[in-house]
Amino acid sequence: MTLATPITPTSTFYNKAIAPRLRMAKYAGHRLWQSKLAVIGLAIVLLYLAVAIFAPLIAPQPARQRDPYEMQLDFKARKIAPNAEHWFGTTDTGADIFYGVVWGARLSMIMGLSVTFVGALIGVFLGGLAGYFGGVIDEFVMRITDVFLAMPLLIISMAVAVADPFNIAVRPDPIWKLVNIGVALSIVWWPSYTRIVRGQVLALRENQYVEAARSVGAGSFRIIGRHILPNAISPVIVQATLDIGTVILVSAALSFIGFGPSGSGFAEWGNLVSRGQEFMLQAWWGVTIPGLAIMGFALGFNLLGDGLRDLLDPRMRT
Amino acid sequence: MTAPPRATKKPRGEAILEMKNLHLVFHTYSGDVQALRGVDLTIHKGETVGLVGESGCGKSQTALAMLRLTPSPPARYPKGEVRYHQPDENNRSKRTWINILKLSQHELRNLRGNDIAMIFQEPMTSLNPVFTVGNQLTESIVTHQDVGVKLRAWDQFWLRRGFVTRRYKRAQRAASDRGIAMLKSIGIADPDKVMHRYPHELSGGMRQRVMIGMGLACDPDLLIADEPTTALDVTVQAQIMDLMRDLQARTGSAILLITHHLGVVAEMVDRVAVMYAGRIVEEAPVRRLFAEPHHPYTLGLLNSIPNVAGTSDHKDLPIIAGMVPSMINPPTGCSFAPRCPFAFARCREVDPAGIKVGETTVACHLWADDVETPQALLDHDASVFSTDPTAPAPTTPPPAVAGPTARIGRGRQRAASPSPAGAANQEDQA
Amino acid sequence: MKLWQYILRRLILLVPVMLGITLITFSLAWFATGGHLENQYLTNIDKLSEERIQRIVDQYGFDEPWYVQYGSYLKNLLSGDWGYSTSVNRPVTDVLGDLFPASIELSVTAMIFSVIIGIPLGILSATHRDRPTDHITRFLALSGVSIPVFWLALLLQLYLSFYLGKQGFDFFPLLGRYDPLVAINHPSLTQGPTGFLLIDTLLAGDGIAFMDVVRHLILPAFTLAFSTLAIISRMMRASMLEVMGLDFIRTARAKGLDEKTVINKHARRNALIPTVTVIGLSFGGLINGVVLTETIFAWPGLGRWSTRAIAFLDVAAIMSFVVLTALIYVLANLIVDVLYAVLDPRVRLE
């Protein structure tokens, strides 16, 4: 090939550079399919996702209800056991638990995804910084990470929720209390990602291709962004998937304790369990069913995360 | 250090281990792997046998089969037996033949480490990192020998749950003298200190010495050494080899040395067995094998040893073209046939049995009574092996196969020209 | 380096971490009270006159800049003054002394239970890989990490205590640490020397009281233990599987050792090493669980105090609780790291 022939972007080399990623993704998908548990997890997750997205269709908002999440009192329908009309029964104020669970799925899905996303974003950014630049930056970031990791999650998020630095919870609409929980969790959720990414970056930056990139003049951020992070990302994905489930467990716990929206019929799982506790001895469904929803949610993401971890763990790749 | 010259031939002792037609099959997701396909090997008292072959030919599995260390659910031994002439516990000169493959777990434990011991390739990972050298060494001794402290079922009960009783610890202390003596005889300078060290605190050579010590601690009949020096530096290799030779002379145990290093074999062993694709293809006393290789594979193997100061003027490194066949569906007939320059029709149909040619046993049709062995093979001339890895399968003219009436000798003498009857019976070539 | 040097180094590293934690709790209190820390004590603010408030502010220094207030907070912490808990109307240190034994008794019982059951379960799961035992254990472990602790507590209360009680099997009490009716005749329950009821009742030789304590302990301890047990058995299974494939296991078998000895003596020790780390980390989960479990079972411990403190906006209590739990967690991990060095001689060379 002489210099006269132009190198077009459609040359085979360029195409091959994209194709490996696609092939890898297809191969990964195939491997995932082989693990039955992971597939079950995926199915559960998709089920909850579908319920969350199609909530208005599955459990239509009653005409008299103003807010989709605040279920009305209905003294004629109090504490009805699960039957054909109320599939999951009703609460002591007459709210339909099925409705609560369905709309609660929407809130939980949003909560889980956003907290994990924000936490991972902050964590990956800080971890990449610490791992790549090392030195003072590394020490500084790791000390802060150590401090946060030294406090049990529930305790510290309780404290942040109480402190409410942005004055979110004092707003009138009960949904803001849920937002407060979300913000509190996002503030404390990043440290595990920082640790993971820092470890990966430390290992990867000694690799040859980083040297190569630097020798052609790539700047630091470019190196981190294009070379190191894509390879460090797989444990982050595993952790994020598992975390979505964990976020729900903690957020439901916070809501249960009292940080969450406490309308008598607010459609949020933690609140439902909390209200259910009050008439638990007379109606088992008030507590059992919403809790089952929470557990199912966490179970799905845990199964999926476990499957992803087995998939992405290089030692398991035989 | 050079090997002592072997002027005199040692008289061969009685056979202590006989492996007959051993087959080993692994059940895997991709299919059944035929790891061993009829291995015959006999080991005699006090002799050193070398087992050579490339990676994957089954030599390690042969050794593991002698102690039944291959985990049994994936592995099966569909055919064959491994017979061992086991000495009686109380009277060492009385021996009975047992089949190792049929032993109970209890009898197997009696055998392992006691009558037959094994040392492995990687000394770094073959020792438990959380226990001291002394702990692991005395464990061997206490398990099989009487150290003056009688262990009871109570001790065994707790040991099986992972806890060490006081009496067991006392037994280990009593055994430590023996352990220290053993370490000293292995050439370790400060045996008392070393006993208290952890494996990661020792060098590779030291660790391998400790492994050898653990293997010989109970005076085994047979010591199996699976690539003992492959993971070590060359200088340390020589030391370890000298050590093993020395110990063998003193203790009289037999050694089965497994290696892919022909140089080590030439120095250490009395007899060599060459393995290929799960079978032993040639077996001979060491000098004879090197001087007069009979099997084409052995010929190619010896030829491919780079010879810097050799008389041949090959410019390229000689190789054996082709690749080891898949063990999941091994080809019918001789497994070396696809790569053999001398292969003819029978080779692709019938798996050759071992044929005795003088002191050599070779599994090759070319040495059969009714086949005219090619001159190149008789002359041990390896130039038939091409040096071009991309060359097609070799095409030397196939050997003449005599009809039932013609009588050609055992390959050593050959008629000046092929007889007309032989030419008429020539089979088609590759 | 030697073991004590390692411990010393870790203890010294404790200091900046605790400083960071106190800084965080202080700033959280600052935000909670809108920058006026005096608000936590002024419960009847409309009944107090302006100058009264001003006098309090001057006296206790509530108008100083934040770093000065932080400094005095630290000074108070170190000298034993942890503030005044407005939800129970007592100094925090008093409350801690009272409630600490109850929480410790519950947590330690739960932890012991998790470890004693979790480790053998993990080993069992690994040695019986892919067989029914393994599948059941893995299913249980998965449930353990997916189940909300507060829901498990409620379920146990509802089904094991209440419903079984209705059928006549009232072995499991609903709430509390002991039956107040029993306590009338059995003083060891209320006046015991240590505050740890299991010990106190045994010391007094009081069998009935002891059984009462045990019965009250079972459900809450199980609730706490369940998720920790799950985590431990999962980790143990994974690390056992990894260790069993290593070379020295083959050497141990070649020496002629019993298969059980090979598993329990040689493999287990190695497999415990990463598991011990996980045990340390699961203390955090235990502390989280304590808060929820104590609240639901009305267990008179620090967890229940903390949830009341939140409802009352008892700032001093919340801050002290955060600092205390962080301290406990850090110390637990330190002990675990020391254990790690004891188990794994390779680490000691660092």
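By written order: A, B and C. Residues from 1 in each chain.
Everything below uses one rule, namely that a contact is a pair of C-beta atoms (placed from the backbone, for glycine too) under 8 Å apart; a residue touches a chain by one contact, two chains touch by 3 or more.
The model shown is predicted, which means the values in this text are computed figures rather than measured ones.
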Partner chains that subunit A and subunit B have in common: C
Selected interface, B-C versus A-C, where C-beta contact pairs are more numerous: A-C
Subunit B and subunit C: spacing of chain centres that average the CA atoms, whole Å: 57
Distance from the mean Cα position of subunit C to that of subunit A, given in whole angstrom: 26
Subunit C partner contacts - residues on subunit A that touch it in the complex: 143-144, 146-147, 150-156, 158-160, 162-165, 245, 249-250, 252-253, 256-259, 273, 276-277, 280-281, 284, 287-288, 291, 294-295, 298-299, 302-303, 306
Residues of subunit C that touch subunit A when the two form their complex: 16-17, 20-21, 24-25, 27-32, 142-143, 145-151, 154-155, 157-159, 162, 284-285, 287-288, 291-292, 295-296, 306-307, 310-311, 313, 318-319, 321-322, 325-326, 329-330
Subunit C-facing residues of subunit B, complex: 67, 69, 105, 108-114, 117-118, 120, 122, 125-131, 139-140, 143-144, 156, 159-162, 164, 198, 200-201, 211, 214
Residue ranges of subunit C in contact with subunit B within the complex: 246-248, 250-261, 263-266, 268-270, 273, 343-346, 349
